[in-house]
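Chain nomenclature is as follows: A, B, C and D, assigned in order of appearance, with residue numbering initiated at 1 for each chain independently.
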Amino acid sequence: MNAVDPTVRPGVNETFVLNLGPQHPAAHGVLRVKMTMDGEYVMRAEPVIGYIHRMHEKMGENRTWAQFLPNTGRIDYLSALHYNHAYVAAVERALKIEVPRRAEFLRVITSEMNRISSHLVWWSAYLIDLGGLTPLLYAFDDREKLLDLLEAVTGSRLTYTYFRFGGVYNDVDEAFVRGTRQFVREFRPRLKMYRDLVTTNIILRKRLEAIGPISAELCRKYGATGPVLRGAGVAYDVRRAEPYSVYPELEFEIPTRREGDSMARYLVHMAELEQSLRIIEQGLDKLPEGPVMGKVPRVLRPPAGDYCFAVEAARGRFMVRLVSDGKDVPYRVKLRTPSFSNLSLFEEASRGMILPDALALMGSLDLVIPDIDR
Amino acid sequence: METTVDTSRIVQFAKLDELLALSRANSLWPLTFGLACCAIEMMAAGGPRFDISRFGAEVFRPSPRQADLMIVAGTVNRKMAPAVKTLYDQMLEPKWVIAMGNCAISGGPFVFPGQYAVVEGVDKLFPVDVFIPGCPPRPEALLEGIMALEEKLTGKRRWPVVTPPK
Amino acid sequence: MSFLTHEPYRLLLALVAVLAFVGVNAMYLVLAERKGAGRFQRRPGPNEAGYGGWLQPVADVAKMLSKQLLVPPGTDTILFRLAPLIVLAPAMMCLAVVPFSDTLTARDVNFGLLMVFSFGSINVLAVMLSGWSSRNKYAIISAARVVSQNVAYEIPMLLVAITLLMITGTMDLNEIVRQQAGGFWHWNLFRVWVNPLMPVTFVIYFICMLAETNRAPFDMAEAESELVAGAFTEYAGMGFGVFFMAEYANIVLGCSLATVLFLGGWQSPIGVLSGVVWFLLKMYALVFTVIWVRWTFPRTQFYALLNLSWKILIPISLFTLLLSGALLKLFHA
Amino acid sequence: MNPTLDQLCDQFGRLVATGPSGSRPPSNPPAPDAPPAPIQRTEHAAKGYDLEVTVAPTAVVMAAEIMDRAGFALDAITGVDWIAQEQMEVVYDYFHPTAPGRVAVRTRVPRARPEVPTIAAVYPGANWHERETHDFFGLVFAGHPDLSPFLLPEDATFHPLRKDYQP
């Protein structure tokens, strides 16, 4: 739309550098973007990261396999359960631990609930970026109901450590199943309300449509995944591409949009909320009886070698690469986080946009800064 | 030779001081400043269920000049520390700091022998008025922290402390 | 009350009254906005300071007054201090000529409309000065935005004003109100037999007013998620408070003017009990709409905002101007 | 099972056999394990990837080009410090956005002189991954545009994930 080729504008030499962040309302935490601007036009936007680097990978080499588990809930704190899942499953893969089916279903159900709460936070924070203040309160209202359910079973509101090697920490009761069904019932009309009130709003559409187009090829070159890649028309979802847990047994669609603009990413997020509701419903229907913990050796010493496990986190592909040397402490824990790759294309995608559009693009990438910095 | 004169003993505006303290306690505008996980709980405290606005503290100001209260919600690492310190310096007196969460209090779970990144507690950077433990603290805990700060300002407790039944 | 006949006393009284009105009004509009936002957002809003939170503005103002005073290093000290004064003064000057009822006008002058628009345009200068003098990149971007935005929206607003001037034939605000006596169908808003596009001009006026007062969805100057706090980033304490006050004074002024020009001012819509009550009712209904809009819509994009003015509002308002001129010449000459 | 992977095996086979200017896979394989075959099909359910290729450090760019032509996307670049063997390993993970198949390309360099050519020209996304790996391990990516500290403070000179790192 308003993107211009900076090279064809005559007399462009009065640029200045705007340091957006590390403390800035649109930085979602502590991202810093060094913007070379010509007036309102962004000539170059260079993200500077590391302001919340928390040494997760170093800590992995300092703790036993089990002790690292709480860290996984604090990398991308909005979709903590997916990160739990990837790490736990990678260790299970290394040790060839069988997970009971009930535990697998519980993992899927709670993961999808976590995805909904994550998308709700993204949605509300994105609307704040765009200047709409009220959706936040509505989304948090829904989110609180979800957190009540998750808290009852996981014992935590945000930074879960619910999944354990060989299963899950806690079995659910009848109240959880009932409450979750009720939530699904109540949340569908709310989604429709959000669509009517927010998504179809003319100002919002004008701000998002055709803003920040990202092509599938750009995503591939930068390794961007999740709603960014799906918004560019590629139906890539780790749940289908590298099936894990009981996802192959469940029916759901991978929502994609062709346009690749910010609106496409927005709509993909909103459509994923509905798909997550579907998965939760099916999971509850098929939830088998049985134990929630499998047989796990007392001392964990995975055989030497490396083991990868990827999951579809709320922001895209999250992969854990574990290197074991056969001891009870990991030799190397590599965390491949989606926000890192998604942000890396920002510099190329934002060139020549005006500041509000660049921020609309940045918000649509769905960034969680500790997920980038680790 | 140094002479220290405690001016507050010479000139006293007792009633006015009380009034100002009461006003400040009821109008704590926090800085929009989220660092990590705790920031989400800070947002939740502004949400409809907990509603920090009841205490007049929902006016999150993005500019440190207009804020009275800095809620350090999350881990401060060594790269970020100068920025946080600058923000604190840019805030105008009177100002208060709440260290929310274990990371802000002591570095929390990220402290281990040989760690190279985390500042072990923001009180190493500037004075902190209220510490709220938790990882992350619940929104109720943040509200309680704000009330503790109000108590520190006015000397009076807003609501009686509820002791849970045994 | 004989001293009221002396002009200096009357002036003083008018000044004090307007000042008090602006101050108290701004304080409680902020509270109304916060409580209203709470209602829109399914939460109670401020309710702890005083009964139902009515002491909240008092606490805020006392706190702001007692904040440390600071002129950040590197700023243009004089302009930095001057900007809050310049932003508030014109709004108060303008309120002095607004007829709250047929007798309640601080200064009854026969060029009220001209005065309101001439002083109203000083507002932008103040915001620009504050942004310029702050030595802050966000503030400067904001200042540049404010100027282009206000210039763009001043034009359709003035075109609407000229349309009204042609229809009413006077610049005396009191006279404009008197012309709308006798039921709501006499209001300028509904005088479709003079110009069938009168409701459209009202809508244009309202949009322009939102833009001129930098209110959402046109709050480019203080676009929080883009420019931190825009032109006011470096202002603290009451310096910032004055900008806040001026913003609400400008909203009240804009809504008052809309009431006077379109909604019959202090005239009663049904013929009974005309006076200040009706004026305030109409005005605060408009103010409520302004608040409502803010908490409902996201912010527009800056260039879309300018396009709206230059490509849509100005042509339409020009057309209504020409249309009313032609219709007046044809049927009412 | 997967035509893409079979083709890849062929191409990598040629790369490993000839290599750029006749270089061979690391001549000093990690003891005491037997030298792993340079191209291994692995079970996804056991390892999390389908194909594992070990190439010479000089061949990583050509490996990246093969992956790029096959339509793969860069997943991650990571280092592993094998201090006992005096070696540094660099692992390039690739995934395919539309077809199944995960590929890990590995290379080993001596710890004393950890230098690998950059693949940022092939995958611009590698820029950040390589900067991060440089931060953590001190691996030098020859030809990389900017290897200044990324996640670490601007003035950092240490490489914390090296096994001999002492704060």
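In the analysis below, a contact is a pair of C-beta atoms (placed from the backbone, for glycine too) under 8 Å apart; a residue touches a chain by one contact, two chains touch by 3 or more.
Nothing here was measured: the structure is a model prediction, and the numbers come from that model.
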Give the identifier of the chain nearest to the protein's overall CA centre, each chain being represented by its own CA mean.
-> A
State the pair with the higher C-beta contact count; candidates are B-D and A-C.
-> A-C
Once you find the CA centre of chain B and the CA centre of chain D, what distance in Å lies between them?
-> 46
Taking each chain's centre as the mean of its CA atoms, chain A sits from chain C at a distance in Å of 44
Between chain B and chain A, distance of the C-alpha-averaged centres to the nearest whole Å | 29
Could you please state the distance in Å, as a whole number, between where the Cα atoms of chain C are centred and where those of chain D are centred?
-> 63
Mark out which residues of chain C touch at least two other chains, giving numbers and ranges.
-> 41-43, 224, 228
Check each residue of chain B and list the ones that touch at least two other chains.
-> 32, 47-48, 62, 79, 114-117
Where in chain A do residues touch two or more other chains at once?
-> 24-25, 50, 53, 55, 58, 137, 141
Could you please write down every pair of chains that are in touch?
-> A-B, A-C, A-D, B-C, B-D
In the complex with chain D, residue positions of chain B that touch it | 78-79, 114-117
In their shared complex, at which residues does chain C touch chain A?
-> 37, 40-43, 137-138, 141, 144-145, 216-217, 219, 223-226, 228, 295-304
Taking the complex as given, what residues does chain B use to touch chain C?
-> 19-20, 22-27, 32, 47-48, 51, 53-56, 58-59, 61-63, 65-66, 68, 92-94, 158
Taking the complex as given, what residues does chain D use to touch chain B?
-> 152-154, 158, 160, 165-167
Could you please specify the touching residues of chain D with respect to chain A in the complex?
-> 44-49, 71-76, 78, 80-81, 91, 93, 95-98, 100, 102, 104, 123-125, 127-128, 136, 149-153, 160-161
